[in-house]
Every structure is written in C-alpha cells, then in structure tokens.
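Naming follows writing order (A, B, C, D and E), and every chain is counted from residue 1.
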Amino acid sequence: MPTLWLVFALIALAALGFVLGRQRALASAGGDVKLLHSLPAYYGHNVALSAIVPAIAVLAIWSLAQPMMIESRVAAMIPAESIAENTTVSLVMSDVRRLAEGLDQAVEAGVLDAAGANALEAQTIDVRALLGQVGVALGSEVSPEVLAAAQRYRSLTATGSMLKTIVVLLLSLGGFAWAYGRTHKDFRARNVVEQGIMALLILAASLAILTTVGIVFSMLFESLNFFGLHSWSDFFFGSTWAPNFRGDSELSILPLLWGTLYISLIALLVAVPVGLFAAIYLSEYASGTVRSFAKPLLEILAGIPTIVYGLFALLTVGPMLVRIFGQGEDGLLGVEWMSGATSVLTAGLVMGIMLIPFVSSLSDDIINAVPQSMRDGSLGLGATKSETIRQVVLPAALPGIVGAILLAASRAIGETMIVVMGAGAIAKFSLNPLESMTTITTRIVSQLTGDTDFASPETLVAFALGLTLFVLTLGLNVLALYIVRKYREQYD
Amino acid sequence: MTDTRQNPANNKGGSLLQHSARTRKRNAAERRFRAYGIAAISVGLLMLCVLVTTIVGRGTGAFQQTFVTLEVELLESKLDKSGTRDIDAIKKVTTFGYAPIIRAAVEAKVAELGIDSPLKAKEMAGILSKDAAATLREFVIANPDQIGETVEFRFLASSRVDGYMKGRVSRDSITNDKSISPEQLDLVDALVSAGVVEKTFNLAFITGADASDARPEAAGMGVSMLGSLFMMLVVLALALPIGVAASIYLEEFAPKNWLTDIIEVNISNLAAVPSIVFGILGLAVFINYMHLPMSAPLVGGLVLTLMTLPTVIISTRAALKAVPPSIRDAALGVGASRMQAVFHHVLPLAAPGILTGTIIGLAQALGETAPLLLIGMVGFIASNAPETIADGLLSPNSAMPAQIYEWAKRADPAFYERAWGGIIILLIFLVTMNTVAVILRRRFERRW
Amino acid sequence: ARDQVQVAGSSTVLPYASIVAEAFGENFDFPTPVVESGGSSAGLKRFCEGVGENTIDVANASRRIKDKEIKACAENGVTDIIEVQIGYDGIVFASDINGNGFEYTPSDWFLALSDEILVDGKMVANPNKTWADVNTAFPAQDIQAFIPGTKHGTREVFEDKVILAGCEATGAFDVLLAAAEGDSDKAKHKAAEKACISLRTDGVSVDIDGDYTETLARIESNKDGIGVFGLAFYENNTDKLQVATMSGVVPSTESIATGEYPVSRPLFFYVKKAHIGVIPGLKEYAEFFVADEVAGPDGPLAEYGLVSDPELSKTQAAVAEEAVMGGNS
Amino acid sequence: MNQMTALEKDVETQKTKIAAKNVNVYYGESHAIKDVNVEIEDNTVTAFIGPSGCGKSTFLRCLNRMNDTIDICRVTGDIEIDGEDIYDSRVDPVQLRAKVGMVFQKPNPFPKSIYDNVAYGPRIHGLAANKAELDEIVEKSLRRGAIWDEVKDRLDAPGTGLSGGQQQRLCIARAVATEPEVLLMDEPCSALDPIATAQIEELIDELRDSYSVVIVTHSMQQAARVSQKTAFFHLGNLVEFGATGQIFTNPEDPRTESYITGRIG
Amino acid sequence: MNQMTALEKDVETQKTKIAAKNVNVYYGESHAIKDVNVEIEDNTVTAFIGPSGCGKSTFLRCLNRMNDTIDICRVTGDIEIDGEDIYDSRVDPVQLRAKVGMVFQKPNPFPKSIYDNVAYGPRIHGLAANKAELDEIVEKSLRRGAIWDEVKDRLDAPGTGLSGGQQQRLCIARAVATEPEVLLMDEPCSALDPIATAQIEELIDELRDSYSVVIVTHSMQQAARVSQKTAFFHLGNLVEFGATGQIFTNPEDPRTESYITGRIG
C-alpha cells in the first residue's frame, strides 16, 4: 500500500516539523518564552499542520481524481464497435479496471513480471484463467481491446501514482519549509493554528451535510423508479397499505404515517414524564450515591437490544394488557376492547421504557449545569424545591431538554423490532390504541428484506417511504428549531 | 404594623412549627413532585430489573454445556488407507467418513460400562453433537501420527441431550420429536451415572464462533464479540471526535446564518433517520463506491458512526449550551482566544453531557442490527478469531446483536437459550464499556 | 482479494446454506463461506448489482428469480446465472400442543379468514367467529390465525395454495368471477383472484412480519392461535406444537416430496458464473451443496427438514457443467 | 466571653426576633463560624460588618437555612425565630424562607422577564388574587427597589440583560415583593451609586417599621446611617455586638477598634 | 459639545493610551452609549462614575471588545489603542485582551483551583518558563490582589468556594497576573471591606507606574483617592471628563454637580 506509506511519511514529517518548529521559535526568542507571540507549541503545530494538511488534501483529491482522469483517457481508446449491445462504456471500463487491477495483483503475486504484464496478448493466452489464479474476478473473456486498454490504464496509473507521490512529498516538504521559514518569535502562530483547527471543526460539521446528501442520493433514484411504477397520488393520498405479490398493490404512506405518529406519541408520553422526573429526581433530590448508581443503571435500558424489548412486548406486556382490556368477562375490566396482544399501546409502552434514559440522562446533565445561584435565588424567596425546579431550573434548562426529547422522538420514529413484535403489521387508521398498527420504519425494513421482486414497486416503495419520512422529519425539526429559538432563556 | 394583609406568610406571630394551609398544600405538592421523581426512577429501575431477570433467567443455561467423554480409536483403515500419513490423502476423508469411528467409540463405551440398550450404534451416536466428527477430523489432521492410537476426547452432546440435562427437554416433551427417543435418554441417564456424560461450564460459548442450525451446541459468541469490539473501536475513534468537533463549531463559533441553521436542522434530522437507511447508505457508499470489503467490521463501524453522530452532537451541544457565559467571559478577559476558552474551560464543564451522549450513542450502536443487514454482517458468518487488527477490521465478521438476532430466529430451542445467553454477554460488554465513561463523567461533574 | 465465497438471500434457505457452509469449511481447505440473511429479494438485488469482488457470488432464494430481476441483472452486466434448485420447503399449520387438533381443508381456511364469504349465493362479510362456525366438525374455539406477513414468500404460497384453492372449492370464486369487472377474461380472472385472497382485518388473522419464532411466541401467549410454520421449524418444536393435516395428509418430508401434501414451495440458489474460477471454492461450494451426502434424502439437510428434490442428480449435472439460465452458453 | 457582656448590656425594649446560640458552621473541615451568639431584634436594622471572608454571608445564610443547599456545609447550635428553633425537624424551611427573605451578595436574577422576576414570589405565595393586584405588587416592589423608572418600559425584557446595579436592585425588589418579616440583605448596595444607595437605605428604614432587617455591609458609614445594632465579625468570631452608636464611637474590643479605624482587614 | 471643551482643557503631559471617538453602543434597539469621546492616558488612573445603568460597564467592555460576546450588542465609532483602531478587522481581539485586561463587575472565578485561576493567564501567554516561575507569579499576583494570606494554605481549593469579596480579589489577582498594559476594573472594590479596599487602591496606584488603569466605581471618595482623571456618565452620555480634582471641586456640567452632591441618581 504505497498510499499508506505516503501517509506514514507525512505523519513522520509532521512530527519532525513540530519539534523543529518549536525549537526554532524558541531559538529566535533566545530561549525566552515570553518574547514569543504565541506559546511555543503553537509554532510546532503550525509547522506540523503546514507539512501535513495541504499534502493530505492534495493526496485525497488526487486519489479521487486520478482514476477519473485516467478513465476518461482510456475510455477514449475503446472503439465504439467493441462495446457489445446491452452494455455501456462504463461497464466495459469496469472490466478494464478489474483487469488492470488483476494484472497488478498478478505481478504482485509473482505470476507475471512487470514486463510480462505489459506484453500480454489476449489472443495468445487465457488472461482470465491466469488472473483467476490470483483470485481476480473477470466477468467475461478478455478481448484484445480491453486488454490493451487495461495495459494503458496500468501504465497511466503507474505514472500517475509516481507523480502523486512526488507532488505530495514536495508539497509536504514545501509546507514544512515555508512554515519553518516563517517561524519567528513575532509570527502569529496561534492565530494560524486556530484557523486550521477551525477549518477542521467546520469540516466535521459539514459531515452532517454530506451524510444527508448521501442518504438522499442513495434513495432518490430508487424512489424515482418507484414513482415510475406506482402512482404518486396513491402513495401520498391513498388510504390503504396492502402490498401483495400479484402487483397492483395499494401502497399509501398515510396509514403508516398515522401509525408512526401514534406509536411515537405514546412512547413519548411514557418516556418524557418518566425520564424527566427521573432526571429531576437524580439531579435535584437524590444523594450522590443514589445518583451515581441509578443513572448508569437507567442507561443500560438504552443498550438492551431492541429484540429483547420486542419479546418483552410480545410475551409480557401484550398479554398483560389483554388481561386488562380484553377477554370479556374473564378480564380485569370485564371489557372486550382488545383481542390480540399486539397493539399500539403495547409497542408504545415498551418503546417508552427503552427511551427513558435518552430523556433522563441527557436532561440530568443539563439540569445539573444550571448554576446554583439560580436555585438559591428561588429558594431564598421561599419557594419550595419543586417550585424552584418547575419555574426556574427547568425553563433555564429547556433548550437542552428539548434536544433530549427530540432525540428520543427521533429514536421512536426509527425503531423497528419493538414495533414489529409489539404493534403488529397491520396498517390502518384507527384512534383505538388497543388495535394493531404499524410504522413507516418497519415497513421500510420488511419491504426491503422481503420476498417480493426487487424491481417491483412493492420493494422500491421502501425507498420512497424512507425519503418521505426524511422530508417529514426535516419539517418537524425546522419547527423544533424555531420553537427552541423562541423560548431560549440565557442564564448567566 | 400597617401592612397586615391576609397573606399567611406574613402572618406575624404565625408559628413556624404550625404550617399554614397554603404551606401544607405546597408541601403536599412538593412531596407529590418528589414522589413522582421516585416513582419515575422506580419505574425505570423496575423495568430494568424485570428485563435483566428475564434475560438472566433465560440465558444462564447457555453458560453450561453437556459433554461426553469417549476414547476413540483412530482406525488407520478408515482414516489413512494408504498408510503413508500423506496429509492430502488424510484430508480426503470428509467428516462423513468419521461418523463410523465415532459410532464405534460410543458402542465400545456402552459395552465397556455394561449398559443394556436396545439402540443401534447410529442411534447411540445420536446423543453426540454433529460437531464431534469435525473435532475428530481437525485433531487427526493436526496430529497425523496419532492415527492408529486410541485417544480420549470430550465431545459435545447434542442439543436435545444438553436440553435434557438442563431440564429444558423432558420425556413428555419428546413424544413427537424425531431427533431423540426415550431410549436415548435412558442411555444418557446411564452414562451420567457412569460419569461419562457431565455438565460443565461452557467456555466455548464465550470464545467460540457461530455454528450452523444442525449443531446449536457448538455455537459461541466469541468471534462476533470481537466483531462488535472492532466496530465499537471505529465508532469511538470517529464519532466522538467528529461529533464533539461539529458541536463545538456549531455552538461556539458558527455565525448564526442560514447555512449553520441548515447544518443544525440536518443533524437533528439525521437522528430520526431509521437505522436501516444508514445500511442502504453504507452499501452504496462504502461497498459499491469505495470498494471496501463486504461483511467487514470496518464498514459496520463506519455505518454505525454515521448513525451515532447525531446522538453525540445533540447531547454535546446541549451540554455546551448549558455552560454559563460568564465562564467564557472570564477566560476571554484574561486574553484567552475563543478556541482556548472553549478547550480549556467550556469543554471540561460540558464533559459530563458529552460522555452521556457517548454512552447512549455507543449503547445504541452496540445493540443495532438493522443497518448491518445490508452490509453483510447478519447471517451465518463462522469465521475464526482475527489475528491482527487489520484482520479484525477487514475480514468478515458478525456482531453481537446480529448474532443474537440470528439465533433468536433459528428453529432449535437450544439457540433460543443461546440468544439469551448472548444478551447477557452483550450487557456485560455494555456495562464494561459504560463503566469507563461513567467513572470519567463523575470526575467531571460539578456545580457552580 | 476476497478469498471466501459470499452468499446472501433468503432466510428460509439460510439454515440449509449455513449447514452446507459449515461442512464445506470443515472439509475443504477453502475458508468457510459467509452466508448472509436478509431476504430473497435483498439477496438477489445485491447479486444483480454487478460482477466483481464487491458483489456477492451466490444468492439464496425461496422463490424463482423473476424476469424483471433477470433483466435488471443483465443491465448491470450479470448475465450468466446458474440456477440451482435444492429442494422444497414444506409449509405446515400448527397449534398449541395442549389444545385441539385440526384436520383442515383449504375451504376451512378460506371460510375462516376471507373478508367475504359465500352465504346463500351472495358474498357477505365474514361472520365466522369460531372454528365451529366454519366447520361443524371443529371445536368452538375462537379463530385466531397467525399468518405470514406480505413480505414473506410463504404468504404467496399460502394465498395460492390454500385461500385461493378454498375460494374455488367453496364456489365463491365463480360468484366473484361473474361479478368481476374487467376488459378481458384475464383481467376478470385477476380481479376475482384478488377478491378471493383479500383477508379480514378485524384482528382474527394476524400478519406476522417477523419469523417463525415470533409466530411460536404468539401461540404461546394465545393458546387459541393457529400458526403457519416451515416444516423444519415445526420438527424442532414438536414439544410445543401439534401439526394439522391438510386435506387429510400429514405433512412430512416424504408426503411433500411425493406431492401429496399440497402446501410447499421450491428453494433455490443462484450462482454468478463470472465468479467461478475466480472466487476460490465457489464451484466446489455449489457442487458440495447438491452432493448426495449433503442434499440427498439421508443427508444433513433432509435431517434438518429440507424436502429433498427427487431430481437431485439432474441438478448435480447442471452444476457440474455450469449450465446457465436461458441455456445459451 | 466578650460578646456575652456586649449582649447583656444592649438589651433594649424591642422584642427579640432571632436568637442565635452557640452557632458553629463548618465547610467540610474548615470552621467558618465559631460559637456565635447573637440576638436580632424586631423593628430594628442590624448591620453585620467585618473584613472580607470573616463569615458574614455564611452566618446570614444560617438565619434562613440557605446553607442547607451547600452540601459540605454543617451548622450546629440553636437559632430561634420568635422562640422557635428553625433547625427543628418540624420546621419547614420553605415557610421559614417566606418569613425570612434574602438578597444575595451576587445579584442572581432569573433568566426570565423583569416582571416575572418580581412576580415570582407573590405568585408562589399566592399574594395576589388577580393580575391587577399582581401588577400592583410588581410596580410597588420595583418602586421600593428604586428601579421602576429605569425598567417600567421594558418589563418584558430579560432580567439578565440589566446592568450590574440594576440587577441588584431587581433582586431587592424581588425580595421585598414577598413581604417577609425579616429581610437579610447581603451587601445590597455594593453595586449602587450614592443616589440609589440612598433610596435603598430609605427603603430599609421604611421596612424597619414593620419588620426586622439584617444587612451586611462594608461601608461603616452605611452601617452607621441605617442600623441600630451592629455586629462585628472577625475570622469567624462575633467579636462585638451592640448599639451601632456605641460600636462606632466606643468599641470595647481592640479588634473592633482597629477595624473601624482601618487597621485590620 | 461640553465634553470636548473639558477634554481640551485637560490635556496634560501623559501620552494618550486609548482614544475613543464617537462611540455608540446599541443593545438591539436600545441605545446604551451615545456618541462618547474620551482619551485615556498612559500611567494614569481614570475613574468612570455615574448612576447605575448609565453605561459604564458597557463602555468599559468596548475597550477590550468584550462586547463581541454579546450577540445583540453593536458598537460604532472608533476606539484606538496606541493609535491603532481596535475594531480594525486585522486586529486580533485576543492580543488586544492580553494587552487590555479586565476585572468584571460580578466576580467570575473559573470552577478550578485558586492556583489554576491565577496561573491560567500566565500559562496561555507563556509568561513563565517553568513551574517555579509560575508559582512565583501566582504568589505575587495573589499578594497584589491582597488575598494571599487568606488562601495560601488552600491554593488547591476551588475558587468558587470563596466568599464574595475573596472571589473579587481572586479575579483581580487573575487579571494582574498577565501583566496587561491597560487594566479595566469594573467596581473592583464593591464587595471589599475598607482594609482590602485600601490594599487594592494601593495596587492600583502601584500599577499606574507602568500601566494605565480604568476603574468604574460608585464611591466618589474612591474615585477622588485613586484617580487622576474622572469621566462622568449619565444616561449613556459622557457628560464630563477631566482632572479628578476639578470634577469633584468644580464641575462644569450641572448634572455632574447634582450627581456629586447627591441630587441625581
């Protein structure tokens, strides 16, 4: 892995840069730290960063761009007539690529020598069998054009890689030398380093955008395929969810959306009060020992695999609810409201339990961070502890608590196993929490892992569901952001 | 004494020992409030108790295993017909070829102990695991020189026999069972009293790899545990720094404009994305686009990182928000840069919240199955324990929750027991992982 | 380079494939193949994603690959596919071991679960509450059926071989066909079929999207429940379940192999020919899978519950000569 | 027993409101208040003076049990209000604090609007029957806190966005809004200009008619101006307690004298 | 242009350290500082006086750009230090703040040990070559902050566990530890007893030898004692600025006079 070695070389240069930069800065100040603009370590970091960051960036860009450039040049070599009917240039190119990589591996494994690889001719030797020896999969027999293209690809790649190594190393050395040269006691090293760190912070924050883009793109095309096969009006405005194997299924998101909202609501109705009260008790009332045990214990609830919760819903909570609300005269209430163990309530209750630590632990930290002087101010006026908490502490901690609740709600929307086992698989509109329903997420999973033909709307609907859910939650989050902004209270 | 309003608090001479009606009411409210808190904690802990008792009750069986000790004569006539000890020739004999040797060994043992059984040799051997032949073959290939000798082996008993020893299987319950007969159980009883069959601690369950449906008794969690470990390492190494960095930028530095608003909304939205969608993304990006290997913990770790990031970011931001501005002022006032103020003062004060986010995020990542489904980490992946770190990251492996999920689906009830046993191991893993973070968090907690 | 065979697909085939993979790993010098679960459709989708190391070599399926899928495959360059049928999966009806036993016909199931049934020549909403309402020979036990969810291939088999058969047997099909709207006979037929298989949604019939363990758990928590299982699953849980007969036949590997027992489906796996000779052990795996000592009637697969294919030797030959689908190369 | 003699001498006509006997306060290991005995009278302003860190705030916080909120703080001895031991287990600290109000040394407005800051106490104690009454209480309190004119146009603005001195006056207004019988004020005028100070002093004087006020101050002049009794603390000890006039003109203890004349700190 | 005349009159030998020209500060809509012009000289103590809420702290916070941290705060006009515009985009606020230290109105110690509170500035500015030097700086600063004796035995105790006055002195010590060229002190003695106040005033006097000090105070006496120049603010306006002696004995503006004689607040 030459790239890996290159990276190691860069790291080594950076380390060296740190030491030398620091030393030079100190030397320029005659060893007196006080004369330096910044702390000595900043000079070291500056040289190290200059040596490594641009080089790594170029390395990354180069590594991404080189195959594209080479590909376009090689693709131009392939004559149009040698592209078989139902394939495309890109398919042929993937053959070329595979072949080129295969030749590399063959050379590496010693089956071929470097010259031999370039001299290979498709007519005289079974390239496919040869590469099979080193474990390279080739889709079909190798044509002379493809082989020639692959050889060209290899030579271009080799030149490119060599150039890359040289450029990257030069850049690194250049960055090193430049930063080292600028290292002087008056150089504003801290500012430069901090700008560098800031760039990294921004990069980290943008990862969220990248992920979003990735998610949208990985679902967009299949969703479009879906809408090509199924009417969008049924999907968005229909009233029935009934996939079947014969085609012409009714696939409307609305009953699923209703189930999702209903189950999440019940889960939050359990998790938010329980979690919030637990957080309040832990941070405001409980002794240190109780807190240091109860909090991590509650956090275990978040780590129990959801399948366990699913079984718990199915085997314990469901039958218990049936005993209360079902079974006619034999039941506890003597009513016949519930027939099966699976229901919105079952899933909601169990999911709520799972979500308790999401609310409790995060809120506990936030509540704990509210300054004591706020509490003192209220207690000093003769407020009881609970009044203090409700009217002073909680409002001050509100933004954080809303964040925790949103996280719990998000988790509720995304949960699968508990719903599958606890709520059943029937999509319907009903207000009765004792009936079975299902959610968007579980439908995504089951349509994706089911047996329907993968090019059929019944499977592709999973992508459309995913994308729609994505857009819907986006809307909800915009709303939440707006609300939090509006009610934010800044304590000092 | 002008102002003597009806308010009780100002009631001069009102005794502190006598609580006014309003105070009583407020105190009742206070007690109620407190009771709600206790109730909430109790509900949480009670549920934890119920869940853990259920898990432990159902899973402890998996940590015990029945073994059968037999002397096996490694017949040269069966294993190395040529007698040359040529390893390739020995390898030609498949596990199916070892079955007669095992049968003979069981028969010999029964005869030696003088047990009277109506069973045929094949049925007698039915009390052994299908794994026995594999064990034997592996031994022979490793020690060809032992061919012709008689060697003592400790074979796994079959899952039904194991269940019988653990009380899961009874003579009543097997009336329709094709896999075992009452006569076989008689034989087991006799062998137990002879000390040939015994139940001991099952180390292989903690260290071993998955086994197929035909031999639940041989399945273990060990390899998938390593898979989870490597994934968690990836998640920790990426999600924590990236998450904290992103939060710092958004909370402390970002100008308040539409772009940062978009990022902010995006992050909370990612938290609501069903985990399987991250699997779709991982398949598209890491496997199809970046050509990383399938079924590799590295890819699993990357996918789980993306899934965990929002949790870490949301909790970190909340924690940063909660640090009072006067702390930042103080640092800026002595000439610290904003960066220094954040890293030296704000971040340590926000550490408890960050660690909580990490704990919850990792717990979630540790228990997640759905995204792994699409990148090839769920199923039958009976690989060996990885030897190097690169191997651990890149060679196919499963993960604990995926293993548990698979076991829970399988037909043989013995797997069901193992699934619960696996959950126990998962929880121990989780608690160990959390303990470090919890201890760290306690060190950072303070009020000001 | 990847050195183990990578398999994905049906969870029904998974147990068989993993038994084979395990034995393969033990007896050959190749590494143990990785067998993923995730459903037939997901497996085929990944199978068809292209040729090369980062795609799987074998897709397991509990149904035959569809034409549309073959086309999608070809679009991605996956053209030469070897289809291997490994045997049959028996689908059985079972209830709690301590409850009542049943001897069903397809009509009973249609009358129990269809949303509309034929009463006095007219289709009316299904009024049946207990099995006794369906068939006087049955006990007055509440109807509670746990049937596979619409994601499962088993559901299709259940609809075709039980409900639709029952629909026809009770005469409801003819009435529906007469009433059906459509331009052609075919369309009418389709509409009638669709009406036949639409099931009641009042909680009497519960779709199970999970797996058989979930169905079993539901029966354990509701003793009146009757569930649909795979034969292998039932055979491993005879201590909890009793099986019902269908049209008088007891389900077993033998009765299914002979075709006496009506409810079964074939199981397959598909091999990407382009990978043979490239991914080490791929061909050996495929051959080992269908070998007599493995997939034969006395092999471990049959022992586990696979209904062995009577025409196994043909399959073996096809695998040996790498005969691809469509038979053109 | 220096302070005992001081106490005995100074018994006046006013009835004792708060009596502290042998009070000791510890922060963990450190002994912050050492065996203090003091009697605070009704309708009297008592000033606590003493060098920074001598325990004035600590002692003040004992009087309405605000020290309960500091984990490491431990109080021994007896403190009685109207003859009732406030550390008795039957005493409800909430009722106690409603009776004994407090203004803290560091202004700590709630992160709420100015109006809500002041209305908070009356609301929890149910002092206003309706919104109009509450408005009236808020206005009156803000006027008494000498801040009405500055904030009357922005009652909805957050209390945390005020200047230091405004925050301090807001906290005073907030404390008087609940009409406590005893008002403990920890350096209430430290951030105030002379005029505002004078207004607060006027308020204190007015409060004395009906209540008892304890004020911590570093300004001898202020102590002399507003208080009738003065207690001088030094290193956790109550060195001297007596009529303000006497303490300032004729202190008994040499330490008091040195402090007043500016020799110890 | 009242203040301009005042300025012209008071030009002395000292060179100008900070020059503020036409400074306006807005908090959102509200106009907190109105067109203020002032020149602060080197080696001089300048006192800012004025009624509470008149904008003293706000103006002070402009001088080292601490107002940057308040989102809604907007500053216009020019402020120059040593002839350089501090609001210039090339100016690094960090360097500015290292040069212009600040003691805040509300004491805000870090929730760290007393030692670390003081050592923080020297550490980030690299003022100490080693631990011994750092120890020395810390001790010296704490001594200058007149708090050494009280805390020397508990340098490891948290700074937040100190009394109000002690926290204030700790913050002073923390500010002087970085040896700023200009020290802005917002009511540094508000929570201090007379002795401690005297010690801090001594410190201020000592600092004047090498630096420039700006102090906000409510005590006319203190302003008269320590400052050479005094600025009087009223409702956001700089009403009068001049030599301290003159302001107190012979103010030009009637508002100044009323304030000093205690008639407006």
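Quick note on the criterion: a contact is a pair of C-beta atoms (placed from the backbone, for glycine too) under 8 Å apart; a residue touches a chain by one contact, two chains touch by 3 or more.
On a predicted model such as this, the values are computed, not experimentally measured, just so you know.
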### Task
Quickly list, by label, the chains bordering both chain C and chain E.
A, B
### Path length in the contact graph (chain B to chain E, fewest steps)
1
#### Entry: Furthest chain, CA centroid comparison against chain E
C
### Message
Suppose every chain is reduced to the average of its Cα atoms; which one is closest to the average of all protein Cα atoms?
### Response
A
### Message
Top contact pair of chains, counted by C-beta pairs?
### Response
A-B
### Centre-of-Cα separation between chain D and chain B, whole angstrom
59
### Message
Between chain A and chain C, what distance separates the C-alpha centroids? Give it in angstrom.
### Response
35
### Query
Counting in whole Å, what is the centre-to-centre distance of chain C and chain D, each centre being its mean C-alpha position?
83
#### Entry: Inter-chain centre distance, chain B versus chain C - centres from mean C-alpha coordinates, in Å
31
### Task
Mark out which residues of chain D touch at least two other chains, giving numbers and ranges.
94-96, 98-99, 106, 124-125, 178, 180
### Query
Of all residues in chain C, which are in touch with two or more distinct other chains?
2, 38, 42, 53
#### Entry: Interface hub residues of chain B, defined as touching at least two other chains
9, 26-27, 30, 283, 325-326, 337, 349, 373-374, 408, 448
## Note on the structure
Each pair of chains that touches is included here, namely A-B, A-C, A-D, A-E, B-C, B-D, B-E, D-E
### Query
For chain B, which residues are in contact with chain A within the complex?
9, 26-27, 29-30, 33-34, 36-41, 43-45, 47-48, 50-52, 54-55, 241-243, 245-246, 248-250, 253-254, 260-278, 280-281, 283-285, 306, 309-311, 313-315, 317-319, 321-326, 337, 339, 349-350, 352-353, 356-357, 359-360, 363-364, 366-367, 369-370, 373-374, 401, 404-405, 408, 423, 426-427, 430-431, 434-435, 438, 442, 445, 447-448
### Summary
Interface with chain B, chain D side, in the complex: residues 81-82, 84, 86, 88, 90-92, 94-96, 98-99, 124-127, 178-181, 209-210
### Message
Considering only the defined contacts, which chain E positions touch chain B in the complex?
### Response
64, 66, 69, 71, 93-95, 97-99, 101-104, 106, 108-111, 120-121, 124-125, 160, 171, 174-175, 177-178, 180
### Summary
So, in the complex, the side of chain A touching chain C is made of residues 86-87, 91, 94, 98, 105, 128-129, 131-132, 134-140, 242-246, 248, 310-311, 314-315, 318-319, 339-342, 420-421, 424-426, 428, 435-436, 442, 446-456, 458-459
### Summary
Listed in rising order, the residues of chain A that touch chain E in the complex are 32-34, 36, 38-40, 188, 190-191, 492
